[in-house]
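Here you go, one structure.
Letters are used for the chains, namely A, B and C, taken in the order the chains are written, and counting of residues starts over at 1 for each.
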């Protein structure tokens, strides 16, 4: 596309400028963003490869040029440290090696060996001599094999890393001795844990938690997407599960209308729900954002009294656990709930409105209702944020704009709004993605209702207000418990969130021009 | 700001001075704000009123109880509710304490230390956060089941899971630490403090707002969690928290007999949390605004 | 009470930017050394490397003969005053000053003795129980100094300690730092971007630019014999006037020819030029504003553009016929009222200067033609 110089750009009309920016965004900014992303990934792998190559080289050269203490350390970890007087380090290295070898012999070998097959022997009826009858006996457990197999791989990586550190330590110690300096004693090591290496001490616990309780499960669930783990293959009590390659992805992304009278394919259902998820996230984010800002501006306006009182009332909704407020509100709008009761008493309606059950227009009423009720949940939060930012806008901007002749509306569009958007850009992005995964509001308000009959036939009980995340939840809890399909959906959600984040993050002004408003 | 301006008002404006215009717009805003306040309070007023309704226990179409009484509250304490309440309270308190320590460790490190893996680590955690956490519940449940921390032992199991991943929520407090001038650390280190002493003697005393914010949010979260808690306590009433227990009361088969009890329970759960929150509101606001500005 | 020795010290940041190049300097015991230069010249980085707040990429730093490269700041026995004071906001003035002593587990009565003593010297006894935010800028500055004072450390580091104060207070604190120095009698390293501070405080001045040392010398040396054009322009206010001209030799005498006006070079300078075997060449001529006088007749014809009345003197901004701008400092005491009133914008004036006050620089290398190069300064200015 045509690129204008800065001076040429200034002479364009308002509309031309708009179209120019618009076209640039799609023709230049986004492709560049994708290009940069791809390059960044490429650079990452190049760096990784070079790093590993360099490490390998160093391991070999250290062995060749190292003294005998170093060489023994290649087999007996920590030997060099102990031989050179660094007893504490040496013992730790040695203990770690001992534990690792013991674990691998006792357990690790089994788990690792079973990992490719995920179990060979399922439950079977066998003759029990004591009971003198045939009973079902359980053998391999696919779930555990997968879980502990992954854990064992983690452990092996940790061991290789420690082994590498052990070799490096030897090299460094040799260098220090050669230059005639003293090695650090165990006491120095301990002291450095509260000073020089304090960050390692501080990070040890949190990172262990994250690795065991977040990274490990995520890797596990990614792997599950490539198995046939579901209610009928639970890996222990009925059938073992096995690797099935890309089958699950094919199922979710296929347009085939399934067997058994289904009227909608998985892909169509997935697309429908994804579309609603995006629509929901868009409205949930921006209605809250603008209305929250509006409320904050009203409360903060000069001459408004009881500022604190109004703020407190709104904030109260944050304080009350969502499961109470959302469940209660959900029941308020039910068929025999208070809202219908009051409307009937007032004579405004004759029959109760079925807020959550009406399937007219693809459940439009329920969809609008969740967005509106989400405003009720979200405004107080946004009001707080907006208040904080509004107070930070330099007053002289308003004063100078007043002198330049701007009215209240111009002040809003030319000062308040740009400032807010600039500061809260990253926040808007994260709130968009977290709304995509806003389980609580949907699940507590509607539970996904009203039922989408066509989609449900294909994959569990799908409703019109179901987001991907609630659909995923339903798939795992329903009678069929299709963990494999749920994992695929989870991976797709992750990809959607990551792509949106990357693209938006790349074009956010507050990331690019950090100084503009400072 | 000058929304809701009618034609008549516009006409009047031309004749009136600035002060009168402002008075009108302020009045309009006051009315609007009062309406908003009422809308926001209505559910809480309704739930309180219904908790005192004793003529029947099912959802009804009117607000004011026909018969008043505290029977619902009495029934509440005869049910498993006190057990659930205690469970939730223990989980909330312990989680709040441990989680605060972990979050502070994490955010202080990422704010103050410049080590090789810092940036990759932060990026890695950002990416981890994009995975739907819902998925990992299945496996976490199985792991907890393997070590015997489910059903009746759900409380320690829940604490473990809540606390374990809490390091990922470091953003807000890191943002706060970033605003404390680095020269304070440097001055203290020149003055002879070790890194650990810098944390305990300089940074922590200056971080009261963010410490309170972290405790508060960590304390409040367990009260509302019912998805994972339901997994963990599955089928065992003694391991449930309030959210799981009370959620079941609104099932179709129980709602006709437990609806008003749900209301009473809601009031009892909400009051202490809300009071605590109101007292510490200042710090919460500080944390929320700071966090949003920092992104 | 210690010497500080920097040998080939280099600072390279992660992004490969070199902030300090091969920095060599030996600071003697009880010496007051000032690092001065424009922002980004590496002076603060060097100071922070001495303090241990930045890693040293290459080279060594010794304090009192001990290599301190791998020591934590707390183990280097230094005291430091920061630009923004870095007072601990949650502690009272007393606690701020006592902080380092408490970390050393000094008994409380000794702490009391030391803190009150320091407070007395600095005149902050009345504020000991206040928090820093209740203090004025000058008082905070004193607390920061007090905090460094009580440590009796080997080296006293100051990183632009006066730059956050207003002009009047700055002058006052400058004088106090001189007094403090006499009382403490220890080694000082002081960083500033203000050449006046550098000139008034330093025993020796280290002038830096882009990570290189431009010149090291006493205030008199750097003022009278700037090693290069950068130093010449940096030291002295208003800055030195620069003119492109030619140097010619006629017999024993040297002449310069700025703006077509021939001026004889003073005999001493001429002898120095001769001893270096310089005959005739293009030179960059530098003359300080205070050395230029208004001439009744002759001299260089100029037009007055701006007349700044500074009280004791006038700063006249004039431009020559070819548009070169020159600043002239004229003491008011020598001027008649009528003469002063005549100096308005657009007025034609003639300026002149004597052969004694000229500085000659090589137009290409910008080195001072008369400055003796020290052997270890060879690489300066060649990058």
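The rule is simple: a contact is a pair of C-beta atoms (placed from the backbone, for glycine too) under 8 Å apart; a residue touches a chain by one contact, two chains touch by 3 or more.
Quick caveat: nothing in here was measured; it's all calculated off a predicted structure.
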| item | value |
| --- | --- |
| Chain nearest the global centroid, as defined over all protein CA atoms shown | A |
| Remotest chain, chain B as reference, centres from CA atoms | C |
| Chain-chain pair with the highest tally of contacting C-beta pairs | A-B |
| Centre-to-centre distance between chain C and chain B (centres being mean Cα positions), rounded to whole Å | 56 |
| Whole-Å gap between the CA centroids of chain A and chain B | 19 |
| Residues within chain B bordering two or more other chains | 194, 197 |
| In chain C, residues with contacts to at least two other chains | 72 |
| Where chain A touches two or more other chains at once, by residue number | 195-196 |
| Residues on chain B engaged by chain C in the complex (per definition of touch) | 181, 183-184, 186-194, 197, 201-202, 205-206 |
| Chain A - residues contacting chain B, complex | 143-144, 147, 194-196, 198-199, 201-203, 205-207, 209-210, 212-218, 220-221, 295, 297-299, 301, 303-305, 310, 312-325, 327-329, 331-332, 334, 336-338, 340-342, 344-345, 376, 380-381, 384-385, 387-389, 392, 408-409, 412, 423-427, 430, 433, 437, 439-440, 443, 468-469, 472-473, 476, 483, 486-487, 490, 493-494, 497-498, 501, 510 |
| Residues of chain C defined as touching chain B within the complex | 51-53, 72-74, 78-80, 82-84, 86-90, 99-100, 103-104, 147, 151, 157 |
| Interfacial residue positions of chain B with respect to chain A in the complex | 1-2, 22, 26, 29-30, 32-33, 36-37, 39-41, 43-44, 46-47, 58-63, 102-103, 105-106, 108-109, 112-113, 115, 125, 127-128, 130-136, 138-140, 142-143, 146, 160-161, 163-168, 194-197, 199, 220, 223-224, 226-227, 243, 246-247, 250, 255, 259, 262-263, 266, 269-270, 273-274, 276-278, 281, 284-285, 288-290, 292-293, 295 |
